[in-house]
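Accompanying notes for the structure given below.
A, B, C and D are the chain letters, set down in written order, and residue numbers restart from 1 in every chain.
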Amino acid sequence: MIRLTFDPFDPGALLTEFCRGRTEVGAVATFTGLARADAGSTAVLELEAYPGFSEAEIGKIAAEAQVRFKLADHFILHRIGRIGPGEPIVFVATAARHRRAAFEACDFLMDYLKSRAPFWKKEHGPDGARWVEPRAEDHADIARWDKERSS
Amino acid sequence: MIRLTFDPFDPGALLTEFCRGRTEVGAVATFTGLARADAGSTAVLELEAYPGFSEAEIGKIAAEAQVRFKLADHFILHRIGRIGPGEPIVFVATAARHRRAAFEACDFLMDYLKSRAPFWKKEHGPDGARWVEPRAEDHADIARWDKERSS
Amino acid sequence: MARVLLFGRLSDVAGWREREIESPFLSALRTRLAADDPGLGEALARPGVQVALDQVIVRGDAALNARTEVAFLPPMSGG
Amino acid sequence: MARVLLFGRLSDVAGWREREIESPFLSALRTRLAADDPGLGEALARPGVQVALDQVIVRGDAALNARTEVAFLPPMSGG
């Protein structure tokens, strides 16, 4: 399931819900991305999505992960709008029979979400606002999975 | 922090607590291991620890992970005693500035916990109880990290 | 009356996010937007800016009807 | 009176988990345990069974005092 929200959320509550009643799964991996304050240099992060389109595009990659890593289930919640320092931005949970698959799927989904997902990101700092492009590191992270796919 | 517990626990509540007040961290990865019912073939899992010794041995590996992956923090909770199907057995959380380090440290700690950690495991099934040794797969998982260390 | 949506830096450049604009083709819509606001025209022509019609990415020209949603998407930054 | 602890399958073999046994050396303790219960003696001699004295793994023989905690640890299975 993919959801976007303008409201702050508690990753723990999502994990509790995601684990409920799973007797045949064995492994649940999660990732929570928190907005960093960077010692005051970033005050507020602003994320814009294209409602409907963004969920659908993320859903395509999640469906790919579901098959590729033989997931039992996955869940993605992404904050949009204005996000304060220390607040969760993204929560990804993956469930699989074995832990390697759960970890790799979570890692794969995060690499996608941080580099290619349909969001536009603005940082509001003490020197004003600026639009952020993905870092070279993010591109390198997601490229790892393309390599594995073709090999 | 390393803790062992005889009581059922909620991984979500632990994640909520672990994320609290982190404004300079960015990345939190977790893993939750759940007892599988294996369609009724395993009724109850029983884990024995050597109190004091087990925590100390796990703590040594956690301290190694803390340095190796430059973690900001880590938390490990492991169930001991009798564990029913679907109940959480282990929860590992790692916090780091960047997600690669958080994921890798969590993965590393789980590989250790599943293969070499000082527990003795008994499965109570319909055909009686049997002591379980680590699977070949678990040994292979933990061996990955030794290779990386020497390369 | 296509419904035109601008995302990311494009809406900052234009000073608006959403507008109803009458145009029979995507190419004509681009010309019209550039004529009204050369800064936006330039921003729309930059490499990496994609167009979605009714939430599907398209390349090249396309006919628009009265209810087509036309979204201009600058390079996506991830979350 | 060393405090002897058995873990995992060892306590199943012996039928006990913890006992106070007087013995000046680890080697003498092993001999005594094997004499009292040959099945346990064999299980303790199997490859992979480690001994911890006061929670520290030791190899070879060692002197025991009245309060030494002697733990026999079969191969650890992980959690």
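In this section, contacts are C-beta pairs under 8 Å (C-beta built on N, C-alpha and C of every residue); 3 or more make two chains touch, one makes a residue touch a chain.
Since the model is a prediction, treat every value here as computed from it, not as a measurement.
> Which chains contact both subunit A and subunit D?
B
> So what's the Cα centroid distance for subunit B and subunit D, whole Å?
27
> Between subunit A and subunit B, what is the gap in Å from one C-alpha centre to the other?
23
> Please work out the Cα centroid separation of subunit B and subunit C, and write it as a whole number of Å.
Those two chain centres are 50 Å apart.
> On subunit C, where are the residues touching two or more other chains?
none
> Please set out, as single numbers or ranges, the residues of subunit A touching at least two other chains.
Within subunit A, the residues that touch at least two other chains are 33, 114.
> Provide the full list of chain pairs in touch.
Here the touching chain pairs work out to A-B, A-C, B-D.
> Provide the residue numbers of subunit B that touch subunit D in the complex, in ascending order.
33, 47-48, 50, 52-53, 56, 78-79, 89-90, 112-122, 131-134, 138
> Which subunit C residues qualify as touching subunit A in the complex?
5, 7-9, 12, 52, 55, 71, 73-79
> What part of subunit B is in contact with subunit A in the complex they form?
The contact residues of subunit B facing subunit A are 10-17, 19, 21-39, 85-86, 88, 97, 99-100, 102-103, 106-107, 110, 114, 141.
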